[in-house]
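Which chain is which? They are A, B and C, in the order written, and residues in each are numbered from 1.
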Amino acid sequence: MPILEGQGVTKNFGGLAAVSNVDFHVGQGEIAGLIGPNGAGKTTLFNLISAAHPLSSGVIRFKGQKLNGLKPHQICRMGVARTFQEIKLFGNMPVFQNVLVGAFFGTPTRISAADAAREANQALEFVGMSAMTATLVQDLTLVNQKRVEVARALATRPELLLLDEMMAGLNTAEVSEAMELVTKIRDKGITIFMVEHVMKAIMGICERVMVLHHGEKIAEGTPQEIVTNKEVIEIYLGEETRAAS
Amino acid sequence: MLQVSNLNVFYGRSQALRDVSLKVGEGEIVALVGANGAGKTTLLNTISGLLRPASGHMEFLGKRIDRQAPHKIMQFGICQIPEGRKLFTDMTVGENLEMGAYTPEAWKRRKETLEQVYQIFPVLKERRKQSAKKLSGGEGQMVAIGRGLMSTPKLCMFDEPSYGLAPKLFSEVLEVIKRLREQGITIFLVEQNVRRTLETADRAYVLENGRIVLEGKGKDLLQNEQVKKAYLGL
Amino acid sequence: MDITVFKSKKLVVVGLVLLILIWLATSPLYASSSNIRLLSTILMYIILAVSWAMFSGPTGYMSLAPAAFFGVGIYTAAFLYARGSPLLPLPAVIVAACAISFVIALLVGLVTLRLKGIYFAIFSFGLIVLLGLIVQYWENQIIGRRGQHVVAEGTETVFYVMLAILVATLLVAYFLRRSRWGMAMLSIGGNEEAATHMGVNTTMVKVFTFAISATFMGAVGAIMATRWIYVDPSTAFNPMYSFMPVLMAVFGGMGQLYGPVLGAAVFAYLERILRREFPAYYMIVFGVILIIVVLFLPGGLVGLIPKLRDRLRGVIAKLRKGGQTEQHANT
């Protein structure tokens, strides 16, 4: 049974169908990718999984349990964590406290202050931010802000991690580091579902890729299959990218 | 067209730009590549007048611009398309675009310019009555570019236009940039997506830790060993 | 070395607080009646400012409702502690005021805390007017008489009840701040959407904290009623009891717990003096002070302290080096 699956997932905003009758699944322990042109509905799909928006119709299941009608904090406690396309750190707290919030509230059972602090420290060490725990988040570079967002999500002890355009704005070397980090996370037993435009990451670490276009799923397969798919090239990659890969 | 000489810019106490000199000739596409934190956005913000240099000077079409207010610099014909969209979220797409034509001359030609922008980005015409808040990341980027174009600039400065864009869309943006150059607009392009940028640019500079460390023709830099290792991951 | 310094600093603070409390508790023994009344008023404002800051500070939700719950407390006393026919003894009346304020705040919170920033502020302000009108209607139609008479309590009783409420408010505010609940509130203020995705039940945290803060506002209203002894809808539901605590908390500084305490104490005392000297223009002085604080002291009085401390350090360092001709580079 896949750890995450959706059937007939649809979301309408007014008259606009942002996501239209999408079936999808993510297997446990996979690194799955979600790509598509801008406005295709990728972040909306993530918002439906994390319950930031309610579904218009269809059903999403996590570990067999229906997510319909649940609130975001409940879904987090079930084991689904996410990062955001526009980084949403708590600007009024330093790095450590940001991650501590995740450690305290992300677990279904009450956790002691000492355990939460330990959880937070581990998460920060995992992403390589142990040296900057007291820094205010506004003073961080983009890369480090993304690291803290990941640490905060990890502190909630997820089984599934949704990464929304984590690689945006990173240069080649930083993308490689981020790819290593994502692989490390998966090796800890956490399933990864990532929205990306940086094809290097999609090609490099994703085992399966889904393609959305105008809210519908138009292709699905291994990265190699996707990158040679005619329709995907036409609507998303463009000829130059195909030539390059 | 644009000449920057010996620019030194500080952010609080730390020095963001050290002795930076570059020039952008009329009708050129010039690129500036470099890592995060190297100072690329700082340089653009200084040219636009949002930041004051500690020393050095900048000239645009023969006029000194280093002590001018940003709106004046815009009236001289420089536009900056900022990193990360920075849209007016309380306005619609169409209103955002109109705001780009704020200067008197641009305002007079706004209907014509708007049609041109819609030709380049047809999806914006579809969404022109939609609130800018509802756009996806990449759509917002398109609006930001369109808004910059509405000021009928002579020099257009792009800050990381590839951010959050699908590969095909970024290719289209690069095509747009080439077409703008054909229409007589000079382009200064700051980017992290080094390969495509160097393929498109006539000339390029490499910025590291606030200093210009390399300069040359786009195609030449693509072959440069330093560039290959540091930025192309080869 | 750091830990011992920290611990001894804490002891000093605790000792200081205890001293102040003892001084306050014994003041009726040696202070004049009018000074005790002044102190009661100051305590009232401190309670309102601290309980306002308890919710609005960390969450960033600007509430203008203190006057509404203050009025709820006043009228709880008016109905349960009416002159000539009190239904309950004073302590029970205070508790009832707490309970009723809590429940009303819970209901109001559930409905309005989904509103964004400015809309919540406006709605919370509207609550003052709404409750005032409801009470007015009740008085007109059901009772047939405007205004109620409350049992009169002596200056000392009022003072001691105020003091008790103040201690309770400060204790709750202190422990809330340091607890994970306080951290949850801060996360809501930092980025509410992210907070809910990290497992914070934002609705529950907001609504409950709002209700808890209302409890103290109701309590202080109930005891104030026994000093005013005659209350009517317009004096009970008076927007000034929202504006003043907010001003005081901002003036004192929201960064620390003692900020609103300081701000309220200074402001309340200032009000008494200014109102006596310049009854016509004292509000202008407050307006000017508020403008100055907003422009130059965004952290309030509390924000001034680190700046002063740095300045002082600089001065001491210079004095130490006095006499030496060598120039030390600024680091």
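One rule holds for everything that comes next: contacts are C-beta pairs under 8 Å (C-beta built on N, C-alpha and C of every residue); 3 or more make two chains touch, one makes a residue touch a chain.
Fair warning: this is a prediction, and the values are worked out from it, not measured in the lab.
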item: Shared interface partners, meaning chains that touch subunit A and subunit B; value: none
item: Innermost chain by mean C-alpha position; value: A
item: Geometric centre distance via CA averages, subunit B-subunit A, whole Å; value: 29
item: Approximate Å spacing (C-alpha centroids) for the pair subunit B, subunit C; value: 50
item: Distance between the centres, which are taken as Cα means, of subunit C and subunit A, whole angstrom; value: 42
item: Subunit B residues touching subunit A - in the complex, by the definition given at the top; value: 35-37, 83, 123, 134-139, 141-142, 160, 163-169, 171-172, 192, 194-196, 230-233
item: Residue ranges of subunit C in contact with subunit A within the complex; value: 58, 180, 183-184, 186-187, 189-191, 193-202
item: Contact set on subunit A toward subunit C in their complex; value: 50, 52, 71-73, 76-77, 81-82, 84, 88-93, 97-98, 100-102, 104-107, 113, 116, 152-153, 156
item: Touch list for subunit A against partner subunit B, complex; value: 13, 35-40, 42-43, 85-86, 141-143, 165, 168-176, 197, 199-200, 235-241, 244
